[in-house]
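The same chain A turns up in both complexes below, where it pairs with chain B and then with chain C.
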Partner chain A sequence: MKLDTSGLESFPSLILHGNDVAGEISAPPSFDLPNSNDFDGFLKEAIQMVKPAKGTTTLAFIFKEGVMVAADSRASMGGYICECLSTLLFGTGRVLCYLLLIKQFFFFFIASQSVKKIIEINPYMLGTMAGGAADCQFWHRNLGIKCRLHELANKRRISVTGASKLLANILYSYRGMGLSVGTMIAGWDETGPGLYYVDSEGGRLKGTRFSVGSGSPYAYGVLDSGYKYDMSIEEASELARRAIYHATFRDGASGGVASVYYVGPTGWKKLSGDDVGELHYHYNPVTPSTTVEQEMVDAAAA
Partner chain B sequence: MTKQHANWSPYDNNGGSCVAIAGSDYCVIAADTRMSTGYNILTRDYSKISHLAEKCVMASSGFQADVKALQKVLSARHLTYQHQHNKQMSCPAMAQLLSNTLYYKRFFPYYSFNVLGGLDSEGKGCVFTYDAVGSYERVGYSSQGSGSTLIMPFLDNQLKSPSPLLLPAQDAVTPLSEAEAVDLVKTVFASATERDIYTGDKVEIVILNSTGIHREFMELRKD
Partner chain C sequence: MARYDRAITVFSPDGHLFQVEYALEAVRKGNAAVGVRGTDNVVLGVEKKSTAKLQDSRSVRKIVNLDNHIALACAGLKADARVLINRARVECQSHRLTVEDPCTVEYITRYIAGLQQKYTQSGGVRPFGLSTLIVGFDPYTGSPSLYQTDPSGTFSAWKANATGRNSNSIREFLEKNFKETAGQETVKLAIRALLEVVESGGKNIEVAVMTKEDGLRQLEEAEIDAIVAEIEAEKAAAEAAKKAPPKDT
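Let's turn to the complex of A and B:
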């Protein structure tokens, strides 16, 4: 299977390929692949393991002033917290393939409440993370490298269209191999604000409003009902924050800190990071009411 | 054709737990020294800690053969870096190198659960925690391995730090002193040993601070 590993080449090796040891370390990186007759088939089973961390809520939308991007920060696993592996091997006599599956199964366990789901690709482009954390982190980092190389080679910044296409092409070449990526690329280029949704099935959609993850239905509800193109930055950030808050309230796999970023003509800027537990009481203040118990206390004190 | 399930696995879990805690000017990394397979103990005296760079120490539990291979790859890459740049790798740089190294084996992963601890360029403690395929984040403390389900909630209770995602940003490192942090680590391992069968024998504690690297051992229950 021909894989596009051009994304892994960083710089030409400076070491002469004299002996094997040095050559092995500095050789162009490529992925080890298991030998298998039915690679597609058993990797579908791998996807069950890599399914983790799609529990998330991320959203992004374009409005008059630019792009607003927001996400929660909880990483949970239907199994245990991230990093739990067990193995399953498929063999046809001689040919063996190695594979990992989740072994320990608890119920939803929170891996982390502080995962950075908004990845800063470069000072004017952001990517969101949904799906496999390692997949998203690695390929976004790789995309940042490719964008920088494009800038150096062409003496101008890459467009959001171009960057999203680079990522989509890479992910398409790994289609069926178990990568789990549901990301939005948001940025500001010469044509103005840009927003694309890219996923590991190879899909790439241009749009003005997206939400990705298990909490996205809740976020869409709030986002769609409150959205107007002519919003100020404060109104838009408040809408984004509310949408994330409501998603974290109803979706068990979302929570932690609601981060909101704004992408404008001068690049991105982080607007806020609020703990959703505190946001709850901010949106639903507790009014001290005269309960029966309170009246009894007051009467006793009087 | 019915799928045949294999009768051999290339992986094994040798158990063990590791912990790392970052302080304002120190970092404590600890791991137990028991290596087991199934219900058997292979040895009571196995170090899971590797000193990758001057200010960077990694502790790994999981499948020790993969851990050993990973340590070798990283120290070879570090040596190359030193030859090319004439300086040691910083801890955040090593953290990203480890992440990339793990991800390059994305389709046949290293069965290695790592915590990386060290001092950043300002001398503050930093701890990085990983999953098996390389996703990482910088945190104030972390634990991995068979005892981590027991250890992590306790550390959350004692060391819970404000999220690094909050704005305005708040410091994630613990306000504990070095001696208090070491004491906490000893308590944590003593407790984990009580309930986790794969953790025990001895705990190896490595402390990184401005004066250098110190190592100490504490005996744990051997049952």
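Let's turn to the complex of A and C:
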């Protein structure tokens, strides 16, 4: 069984009409997959093994002045130790082979607090990362390459619509193969601000407000209740920051730093990156209440 | 040089690809086609060999649509043209599907030229024996464009150009008489250029006008006859004016 890797090529392969009158297209590049009786089961297990929890909160929305994009920066990891069998044979001397039993732990730990989840595709387009970090980073960079090639070939920038369509088509061709990508493409083109949600199932939605990740329900709550189209850039960035903060507060898989980016007619600009721990005390300042000792002194005096 | 003209992929010692040049010969034997770019429209005119009495003239349209805003006329092997036009039409829709936007005239010209070039560098195939004139409006800037491709796969933009039979004389005429025109004036210029090499009459010329609002419009025979009559009248008046002054002195 062969896996079609033609999606990884940047340039379409030359279709040569050889002596064959029927004009057969040459087979696309591919690699072998292991033989297995239950291929569907194998595929499901493989996907489960690599499936990260999409533990994150990202959001983006369009308002009067442009697009606001915000995200947290925590990367969480769940995993398990698998069976491994190794046998070492050195000529006459033999080393014992040993066997580790399969142990499945699903443990949850914070892999990093400083992941860049807002990816700069080009100076006027941003992509957000949710799902597999490697998948998102690679395919966003690949999209950046395609956007630049489009610019060079057509002497004009690609639209946000076009860029999101390119990404969605690629992800669709890898559907069912275990990619985990839930991204938003935000940018400014000739038609104004653009925002699309694209995921690894091949879905692509145009919209004005999106939030993706495990913390998205919390972020939606704050975002939807505070949203107005006619906001200034400061109001919008404050709304975005607050929404991320609330999501990181309640969702264990989100945290770290709340980054806020703004995309306007001249391109994107990073507005702020605040540690959510500090934001907590900013929104809930500690009022210096009377200490126990002070209370006792007051009581004695009274 | 006979040894170097069999396989397309073989260069001759002095740097020629003979098959490509023979393809250009085929183009030179094809019917004349002219294209003129105006400020608000683009006009294509093609010589029509008189249709046989029993032939349905509507089935031999020589100016075709590639998309709502792009049209093409060609000179050379008509069967090759059909294949190229089909591929170009599919590419226009494919572009709309992947980028959710109509393609520019330059994009589709580049595609057609690329296709023509591919067939000059493959084994066992021959080049397409046609040169095309591609006209249209840029969907983003709204400006009209005229491009020409040829069997070697080169393309370039033109203000006015001709290809096919006697294209040199038509081009000379255009170089002498080209002005930035709009609307009906552009149509007249195109027809005047074509009349240099074609017997006058509406039934020997096929003309189509591409505008931004209405897309491609084929002119009726009667319309063409009317314009031809206008042109003849202007010519006659010019002749008379030339003859008159010497008598006055």
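Remarks
Going forward, the second predicted complex is superposed on the first by the 224 of 302 C-alpha atoms of A that agree within 3 Å, B and C clash if a C-alpha of one lies under 4 Å from a C-alpha of the other, contacts with A are read in each partner's own complex, and residues count from 1 in each chain.
Operating definition for what follows: a residue touches a chain if its C-beta (ideal position, glycine included) is under 8 Å from a C-beta of that chain, and two chains touch if they have at least 3 such contacts.
Model, not experiment: these values are computed from the prediction.
In the superposition on chain A, no contact is made by A:Y227 with either chain B or chain C. When the two structures are aligned on the shared chain, A:Y172 is found in touch with neither chain B nor chain C.
Look at A:E190: by the touch rule set out above, it reaches chain C but stays clear of chain B.
Shared-chain residue A:Q137: touches chain B; no touch with chain C. When both complexes are overlaid on chain A, the residue A:R156 reaches chain C alone and has no touch with chain B.
A count of residues in chain A touched by chain B and by chain C gives the higher number to B. Common to the chain B and chain C interfaces on chain A are residues 14. The touching residues of chain B, when paired with chain A in their complex, are 3-11, 73, 76-77, 80, 84, 99-100, 102-109, 111, 113, 130-137, 139, 144, 149, 163-167.
Taken in their complex, chain A has these residues touching chain C: 14, 16-19, 153-156, 158-159, 161-162, 165-166, 169, 190.
Against chain B, in their complex, chain A makes its touches with residues 8, 14-15, 21, 25-26, 29, 31-34, 38, 41-42, 73, 80, 82-83, 85-92, 96, 98, 100, 111-116, 132-138, 177-178, 256-257, 259, 270-275. Listed in rising order, the residues of chain C touching chain A in the complex are 98-101, 104, 106-107, 110, 118, 122-125, 140.
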